[in-house]
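Order of writing sets the labels: A, B, C, D and E. Residues in every chain begin at 1.
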Amino acid sequence: MAGLSFDLIALQLFAGLALGAIYVLFAIGLSLIFGMLTVVNFAHGAFYMVGAYVGLYLISIGGNFWICLVAVPLLIGLFGLGVERVLIRPLYGRGIDYPLLLTFGLSYVMVECVRIFFGKTGYPFDTPEILQGAVNIGVGYFPLYRLFVIAATAVVLLALWLFLEKTSFGLIIRAGARDPQIVRVLGVDVSRVWLIVFGIGTAIAGLAGLLAAPLQGVIPEMGGTILAEAFVVTVVGGMGSIGGAILAGLLVGVVVGMTSLFAPEMAKVSIFALMAIVLIVRPQGFFGRAGLMS
Amino acid sequence: MTDATESIKQPDTTTASWYEFATKHRASIVAVVILVFPLVMPFTALAVNILIYGLYALGFNLVFGYLGLLSFGHAALLGTGAYVCGIAIVHFGWSWYAAIAAGLAGGLLMALVIGVLAIRTRGIYFAMVTMALSQCVYYLFYQAVDLTGGENGLRGINVRTIDLFGLRIDFINPMVRYYVIAAFVIAAFFVMSRILASPFGAVIEAVRENEMRARASGYDVTLTRLLTFVLSGGFCGLAGALQALHLSIVPIEILHYETSGLVVMIALLGGMGTFFGPMIGAAVFLVLENIVSVWTVHWQLIVGAIFIACVLFFPAGIWGTLIARGRR
Amino acid sequence: MTAAADQAGEIILRTRGVGKTFGKFVALNNISAEFARGAITSIIGPNGAGKSTYFNLLCGAFPPSNGSVEFEGKDVTGLPQHRFAHMGIAKSFQITSVFPQLTTRENIRVGLQALVSRYDIWRPRARLTELVERADALLALVGLWESRERAAKTLAHGEQRALEIGMALASQPRLLLLDEPTAGMSPEETRTMMDLIVKLAKERTVILVEHKMKLVLGISDRILVLHHGELLAEGTPQEVRQNEAVKRVYLGQREH
Amino acid sequence: ALAVSPFRINLLQAEEAPIKIGFPVPLTGPYGAEAQDQVRAGQLAVAQFNDAGGLNGRKAELVVRDDKLNPGEAATRTLELVEKEKVNFVVGSLSAAVQLAINNVTKERGVIFNSISQSDAINEAADFSKYTFHEALNPHMTSGAVGRYAFTKFGKKVAFLTADYAYGHEMVRGFLEVGKEFNIENLGDIRHPLGTTDFSTLLPRLQSLKPDILCISNFGRDQQIALKQATDFGIKKSIQIIAPLLSHASRVAAGPQAFEGVVGGCSFYWGIDDKFASTKAFNDAFRKMYDGKLPTDYGALGYGGVRTVLEAVKGAGSVETDKVVTALEALKYDYYKGPQYYRKCDHQSVQSVLVIKSKSKDMKNESDVFEVLSTEEPNEKNLRTCEALGHKS
Amino acid sequence: MLQISKLNAWYGASHALQDISLEVSRGEIVCLIGRNGAGKTTTLKSIMGLMGRTRGSVTFKGEELLRQPAHVRFALGLAYVPEERRIVQGLSVRENLRLGLVASKQKKREAELIEEIAVIFPRLAERMDQEAVTMSGGEQQMLAIARAMIAKPDLIMLDEPSEGIMPVLVDEMFELFRSMKAQGTTVLLVEQNVELALGIADRAYVLDQGSVVHQASAQALLADNEIKERYCSV
């Protein structure tokens, strides 16, 4: 194949990092719920998909993308609160299997409801006007909208980091995941904390869905594929570690970027190969603590 | 973690009469059920699928329910069994029973490879490594188009008649197919019950319960885990081989992680760590999916809702709940 | 009289300069000690002195960072833990560690089985009736006969401690390591346990970690005192009791 | 005289079981909409057959099953259809792997299967049997038609973006074969895994190859996303994108922006009703039955697949397999898009291919999404030869 | 201050506590003694709200507790040191201590309070950033006590605090309880080291098989030979 210029490799690297940022956004909500509540949220992809559809709906009734950017996470977060309260709460302390099964069922229900209300075919989702087009980033052209998504990811991460590190929330959540009873004895209403975390996690999933919509359009099945990728990022980074998720997301992006260059058909399996290697060498992921959830 | 309120295995003196009856005549009940099963199912091919998935879940349950490791890569074991069996017939012209044996061996071997790599990890990480490795297996089979047919799947596993003690019987006949496959499944169930009742069965449970203590008691935890995983691979490999014969094709989807996920669901639905749970889970899941999907295209809504209800109201799974009721 | 008692006085276990570091922290430093067969040796020392760490080295839970462990004349350093159990070394855990969902009897039975059958996947275990009989005998010994059918996790704390000892005994060790066996037991049960330990020591070697000084001083043949990961003192109960350094860092002024 | 007494008719029907056509299609899953259209059109063909009196009064019935786009499920469902429902024929499928699975089950049991989805493999000797018919186009034909059109118009430097599976490879092979005639320069074939949702790491590479034409050989959602993201990356500014197959449903789902200016092939477009009376008749019948809805490409295939079988039954005067096979082989038909017939050696339907371009302006109605650029007439020369497929003679 | 009357509790079907009645006044040290399995832990768990099924009445500062979840009971000024210590895995010593503070209404800064407690348990101060579960048995016990004390509860319940603690420190610890009492904290103590416990306690209850079988002042109990015979040390 034609020569590999420096510019191409640099652009490819950038594309990989950019993709990594999007992975981080997909994964972070999952990681939060996964690592902190020990709930393997199989419905994460469904929340993501519903986020995109809610955005679609809001725009169709006259909203615009910027309103959606606020409203979608809010609505999906509220929905998440309801789900936690009614469905997930009875399952805490029963191990990781039950929430997993329940959210699996829930994802079926959510996807099917969307099919009933919006139909089986997908819809196009236009990139907002001022974010259309590509800009020169020095080594080549790159779509403006993708740059915007990266910025949005950074904002979400910063907010999350502040929330977890600058409040006692992070501490409570980490302790609560391992021994909720003692945390209760120490005066914390763990259920409320869990409720909030679940809400935040799903809100981020919804936001990710909305942001992904202009990249790929919306379709009821859109949550399925990202779920596996999000799991990989979460696990490679070490569960419950935000920093780990960021590092892993970017790494996965770069790995995909580079395999796309040299063996594109392996792009997908490279993610899993990476995960297998990382976990075989370091069973708890980059920043995970050993022993969690065993 | 917390004060989980699982059913404690406590033998009790006051047992419901049906339960007593059922335990006493366990073997005959199973035989009767297997005999009449295809007659009460919507169609025979479904009954065969249930047997096969039940066997698959049985093998999975050994690792999940008894050893306490959640594997998300069992599709690789099932799929390897299916492909090895199919390839033996299509490309090497092996006889059907040799191909089944090859499939079983393929499952064992694949389990050994995955097991050796993954067994060091724990908990959710184990689930993820096994999933990742099984994805790699998927890719391997996907790319080996000449052998496996790649995305188009492996076709041509057409076994029209089979030799049985000199008898040539018509394998196309659905009932014959059912009973031949049922014979294998029953044999597998028998072997499983021996394993669980064996001393090693106790070791498996001990390792699940408390790894540190098991080690101090003199058990090699890693080896026990590995051996259990490999045994499980044998059951799943056999299931895969039977599946290949039954459907006469091996779709690449058999290696997809959804197939791994499916077996988790089946085991949980039926009752993890119970002997008949996997088979019952397979029956309920597949029948439900079948009936509802003929009735409405929105079958996923109903199936999903039933899942949710099961988790909330029958956390021990269908069979697990029945046992708990029966013991009372 | 058993063989063990015949050979009393012979060295069953020896550590040569063993140490253990966790990251930068030196938990145990250069301990050389010998343990005589058939004796009760106690290890005492302040909290965090390194007693449990030392125990873990002796039973193979993890390998020492340096030095070597020798059991019955064989170098066993770095062997996996289950091999230690096969050789006849058993330990009880300081923090209770049982098989929570299994019944009390099954807990013991599984412990016993490790010596007989580990990888037999075919013969029914019900055939190993002898194991159940021995399990019942052990249950009676540690006073859990009545609770034999209860799941271990439903036992009260003290009962679980007794089960812990029973499980250590199950592997028929020649060397028994007991890490605070009576912690959490009522005085009455402690007394029973003490009697039991003395009885056990007739047939095997016992190494004991305890903070209950009356018990320790009463039954030990020899006492090692650890402090900050080092061997502070060593001797008969009398000698140790008189030792000023031991009084200062461990016993305190009150008469124990 | 028979028809006068309703009583007699009921009696007759009770005596003679209906002609059953098994119809496994992926009602759930990403191609649910297409499958729905296949069912609708199939029902139309059955209704027309029944209204015309059936086979001497014996009515037909479509037994629809959801194959969930999964070959294993499809094989199970086909077993159900054959063993339990005792269907006389099977028509259906919407994926290469699924049709091969169904075919493997039906050919073993001597049941006629008319496939209505694309694949090259099904024509090949290994999978073919005398009970196998292929109503749909195959990738070789669409790629050929689109290639012949595009390589003269847009340039000779060609790059490929291909889904890494048999169907994708088959499309590329088709392009390369016609490419030989036009001396195209192959700049490279980048293969992406099936189900890729992000092409951002592949597009810069393609851009740097600076081709005149980019062939996107994939289907469904892969294609929608690839086109959408290629648009975002500004690829269309300098490069003409072509695709062997543009499906109606994909275009609707992805919107005009993503598909704007893309040239591709298809088997049917409702807009050719000014050219063929059969098209008009089909459109009208479909509209009438389904509240003014227009049929799509996959719908037309469902219609053609069912109707050919039923017409052959009529021609054979029986539902006996061998007779129907003979009747099908002899059939010359024009049901919805001009003349067609099944080639003898591989039972491939020889038919026209439309070369279309996606519209983004001047749309008359919501189904008005393509403009037909040219029509390649049915011609056996555009198929792979029987020898190449491994058939004797 | 704490009043329990006719308290019953169950583990599944087994009736672990039967009509327990006892009371603790402000500023007292009250001791619960009894053999293994007598129901001491269960009593404390019921007071703290960790038992599934309970009946009867438990009032604290006049408020009925039984219907309240555990965190509300903490807010009312109750603290509990469980016998299994319940040191949280994956957290450092400091984080475990912080956990004791997240719900407290203390005005002082977190760091200050941690420093205060570190003065009482110097060993913890040395190990602030060690992962807590890797500490020695005794160290973990200290941490569990420190974690409960740090929020300055009105009533602290300790389940076998001297378990695994070395003799010098046991003495110091009981000294500490005495001084806590002096500062107005009420103490409800479960202890197997009966002599020592009675040495600092005001009153004691003897439990057996889920019922209170005896109650008396500490002095009286210490003098009681039968009690001494049965419950006092070796």
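Just so it is clear, a contact is a pair of C-beta atoms (placed from the backbone, for glycine too) under 8 Å apart; a residue touches a chain by one contact, two chains touch by 3 or more.
Protein identities per chain, from UniProt: A, B = Branched-chain amino acid ABC transporter permease; C, E = ABC transporter ATP-binding protein.
Quantities reported herein were computed from a predicted structural model and do not represent experimental measurements.
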Touching both subunit B and subunit E (chains): A, C
Remotest chain, subunit C as reference, centres from CA atoms: D
Geometric centre distance via CA averages, subunit E-subunit C, whole Å: 29
Interchain centroid distance [CA atoms averaged], subunit D/subunit E, Å: 76
Distance between the centres, which are taken as Cα means, of subunit D and subunit B, whole angstrom: 37
Contacts with two or more other chains, residues of subunit A listed in rising order: 115, 178-179, 181, 266, 268-269, 291-292
Overlap residues in subunit D, where contacts from two or more other chains coincide: 32
Interface hub residues of subunit B, defined as touching at least two other chains: 6, 8, 300
Residues of subunit D that touch subunit B when the two form their complex: 27-28, 32, 65-66, 68, 70-72, 75-76, 79-80, 83-84, 96-97, 100-101, 103-105, 108-109, 119, 121, 126-127, 165-167, 194
Subunit D contact footprint on subunit B (complex, rising order): 42-46, 49, 145, 150-153, 155-156, 158, 160, 172, 174, 243, 247-249, 251-254, 293-294, 297, 299-300
Subunit A-touching residues of subunit B, taken from the complex the two chains share: 1-6, 70, 117-118, 120-125, 128-129, 131-133, 135-136, 138-139, 257, 261, 264-265, 268-269, 272, 298, 300-301, 303-308, 310-312, 315
Contacting residues of subunit A [partner subunit B, same complex]: 34, 38, 40, 87, 90-98, 100-102, 104-109, 111-113, 115-116, 178-181, 228, 231-232, 235, 239, 266, 268-269, 272-273, 275-276, 279-280, 283-285, 288, 291-294
Complex interface listing, subunit E residues touching subunit A: 48-50, 69-71, 74-75, 79-80, 82, 86, 88-91, 95, 98-100, 102-104, 147, 151
